[in-house]
């Protein structure tokens, strides 16, 4: 287990997240892509903390902040989905585009 | 650098599991399965964190994500047509672009990780990282900690205000005429561009 | 420490869980009969669970029209496995612990959070209305009891200055937490009953849903589910005994005996509660959990903290 | 095969898991099933090995019975307690291997179960033909019967459709036909429910399966038969009041079971079975104990409120604060100190307290009535409301109330509400027949 | 780390053990079921549609509240470890944090976000 290997795994998770966030049509699936990207970021942050920063507590704090961001993103994201669905009866980005046009 | 046979095996197992689970999130038709594949991916990363001696972060990640992914599953089931994927479907757009972007993101980041020269300063395995984090939260980063509290409060209030139908200010739907939308999409299943 | 060797660990945890599950079943039959008829037949109570299991093993597992078969099979396994993880964190005697890790109650919390996943999957996978309703009910319940559960354990960790269950047990050398933090155990048992969807908090598998998530389950699958559910109850009692009743500490008897005795007391209490207290109305429980139980648990945390200083 | 034999030996000693199906005239015996030794009543056919059919199977009950029969996992057996006389469908002609036994005969039932588990008896074959709900194999682009995103019949059934909701979220609504053999509901009750989330959006009461038979149900088989008899012939007041107390206790047992107090419910059933006027104190204590049970109050308070305007008779009205009781105008009750018990609130909790208090009062009256005999003539207050010749029986009006009561309720609350009304579909059918112009 | 390994072993073993319970039965009787035998139980009827649908989760506001409030745990666990060592400052800081979050519950409760039917 090396820092390089961990970063490659993190990059793989991030890459899959990018693919998901760009390719999916529904808000919730896009959110899954985002969460996956943050997942990769968290892994990288912890890897740096453990292997390259001498265990500086700030590294852990960064991970905690990412987790908080995920929770906030999820809560606000879901709330927006409910709000939008209530008004538009749609759950897809493409449909919203069509509506705008 | 941490080196030991068992740890290496565990590392490869959890890494592979995490990445495969992440990939399966977008390969399954069932929304519940998608959410729980994502949870599996998080659990794999959590295990990797434990291997890196960030025990608390790894465990708490699983604790948080179990709840968050269940809520995710519930919301996906709520808002997706055909949530269990009884009719197979591919709900993607700009598939090629997305694939290329994903590969580029991976390649770029991996390259940086492999090529860049990071200092080799492993954390002291004898220290308890959990109490380090606690001291950090109460000491230097007290402001971060309290800001998080305010942010979470704002999130709670914002989320409930946006989501609930009847707030103190009346019906959320008033004054907004919902445009009619066809019940069934005209596209056939497997609309892959 | 041979209990953390793979074989020793499996034998220890599986032994505790199976013995505990059997005791729960016997207590259930015995206390049920005591309530129903005013007397109990011990021999009947000791045999009944075994007979019933044998019958279920001879019965064919059912299958609905188009279930998610893999997830349906996996749900009980996940539930049982998480109970095992929870038990692994608890020292059952001096030095007898599989994984008394420094972040023990976080590991316990993570395992117990996964219970929600298992129960929801069990309800969802059947593709049948009653189990589906049961699964969704459990999520509402779990979102309500999870915070009090974690908070009372944190309160117990304050005087121990550690998240390790072993340290929490050691911190009760002079005074048990049940006395030092009187709010802790009652709140913990309420949350624990919810965790195992047991007794008054059995909204997921209740009779008003014709069995809820188990409405479509028969034969060996039912054995697996009921077994796993009792495992969770045992894990709750074991953890409760360690965190609130001083764990393996006690005069005269050896540590494991004290632990077994204290666990038995909590199990008996939980089973008695199931025969005595009517099932809650979910919506009302959710409101009470958020407006009463969580604030009470926070009071528990801060008062315990102030005392520990 | 050694394991199998060993398991079979153990299993034969287990309590037989029974799923009871209550047919015409079966209600009066139904309370006894749970008290049989070595028998356990279960909530779902999936948990049972023995299907126990009690009473006659009307045409409306036949198809559901066959469906439930097939939902029992193998090994399964069917036992029938037909009652007297066998006036309905002979079960033996539709389900080959039916064991007929005298109602209340637990030994035969246990015997059949032991034989079944021991291998001496073959498991019942499926009763319904091997037909898919719809043609789906090989249909559609993926061969699973579906088309597009939500069309077709994937795996034999269509997907649910969206429907508006007061909540503003237009999500799917499940059209469910619940009953007539759904344990939380009274036997025979069919509810066509539109369920959105866990909240009931629309309710219609399905055709009463006890109706539509040329002969109609025999009033002799009703659980209120004694009261109907008393409306026509002289009957000792003590007998009537004892029957009333027994009726209310049996109902209370069912309610306790629904609220998760199964063992307590057995205790109440046991008391009801051996009930005598001397038990006044026991019933009084029980009523007080259950009244003081916080958890029970908590689960029923404010659920299913019925106003006096909706129902103006019987315990349901008295639980809403109206002192109506046919016994007030009944000369047989003069001078024994009768005055109606009244509760307020009109919710499920009030009805539970009302019936328990009435059970205690009935025993008290039975003791005070001595040898007094009631003469036919004025309307008789039955356990659900007044019974008089030629008029609709109380259950009919209560069943009609359901759609309005249940809409907007959460599932569990709806089940609590239905149970709290003490419905009998058979009585509703008999009432409808009696009330119809001849 | 060894302890985590042991815990993982136990988790896998017990999980497999529970899973194995199902196979005992399958080995005894694995005949196929007819379609009527597989109909979901509704008390004698057949469902018109699949139960899998866009299920209207009535407690969504409570779920959102949970998402945010649950984060408090992440801060509280490490706080508990250093609590005694940091003393009254720790108590005050966490009290402030919790009071802020409790305002959220108060708001949700006032808005009726915890009730649904």
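Residue numbering begins at 1 within each chain, and the chains themselves are lettered A, B, C, D and E in the order written.
Going forward, contacts are C-beta pairs under 8 Å (C-beta built on N, C-alpha and C of every residue); 3 or more make two chains touch, one makes a residue touch a chain.
What you are looking at is a predicted structure, and each value in this text was computed from that prediction instead of being measured.
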item: Neighbouring chains shared between subunit A and subunit E, ordered by label; value: B, D
item: Comparison of A-B and C-D by number of C-beta pairs in contact, larger one; value: A-B
item: Per-chain Cα centre nearest the global Cα centre, belonging to chain; value: E
item: Farthest-lying chain, centroid of Cα atoms versus that of subunit B; value: D
item: Whole-Å separation of chain centres (CA-atom averages), subunit D against subunit E; value: 35
item: Interchain centroid distance [CA atoms averaged], subunit B/subunit C, Å; value: 28
item: Length of the line joining the C-alpha centres of subunit B and subunit E, rounded to whole Å; value: 16
item: Centre-of-Cα separation between subunit D and subunit B, whole angstrom; value: 48
item: Multi-partner residues of subunit C (at least 2 other chains); value: 57-62, 65-66, 101, 103, 106-107, 109, 124, 127, 129-130, 136, 139, 143, 146, 163, 210, 215-216, 219, 283
item: Residues of subunit E whose C-beta touches two or more other chains; value: 4-5, 28-29, 31, 35, 37, 39, 41-43, 47, 50-57, 60, 63-75, 77, 80-83, 85, 90, 105, 108, 116-117
item: Per-residue multi-chain contacts in subunit B, two or more chains; value: 7, 51, 53, 55-56, 60, 63-64, 67-68, 71, 74-75, 78-81, 84, 86, 128, 130, 133, 135, 137, 148, 152, 155-156, 159-160, 163, 165, 172-173
item: Pairs of chains satisfying the touch condition; value: A-B, A-D, A-E, B-C, B-D, B-E, C-D, C-E, D-E
item: Sites on subunit A touched by subunit D in the complex; value: 82, 85-86, 89
item: Subunit D residues within the subunit E interface of the complex; value: 4, 44-46, 61, 63-68, 70-71, 74, 126-133, 154-162, 165, 167, 169, 171-172, 174-183, 185, 190, 196-199, 408-410, 413
item: In the complex with subunit E, residue positions of subunit C that touch it; value: 3-6, 9-10, 13-14, 17, 56-66, 73-74, 76-85, 87-89, 98-101, 103, 105-107, 109, 124, 126-132, 136, 139-140, 143-144, 146-147, 150-151, 154, 157-159, 161-163, 210, 215-216, 219-221, 223-224, 227-228, 231, 283, 286-287, 290-291, 294-295, 298, 301-302, 305-306, 308-309
item: Residue ranges of subunit C touching subunit B (in the complex, touch as defined); value: 66, 68, 71, 101-103, 106-107, 109-110, 113-114, 116-117, 120-121, 124, 127, 136, 139, 142-143, 146, 163
item: Parts of subunit B lying in touch with subunit C, wherever the complex brings them together; value: 30, 32-33, 36, 39, 46, 55-56, 59-60, 62-64, 66-67, 69-71, 73-74, 84, 86, 128, 130
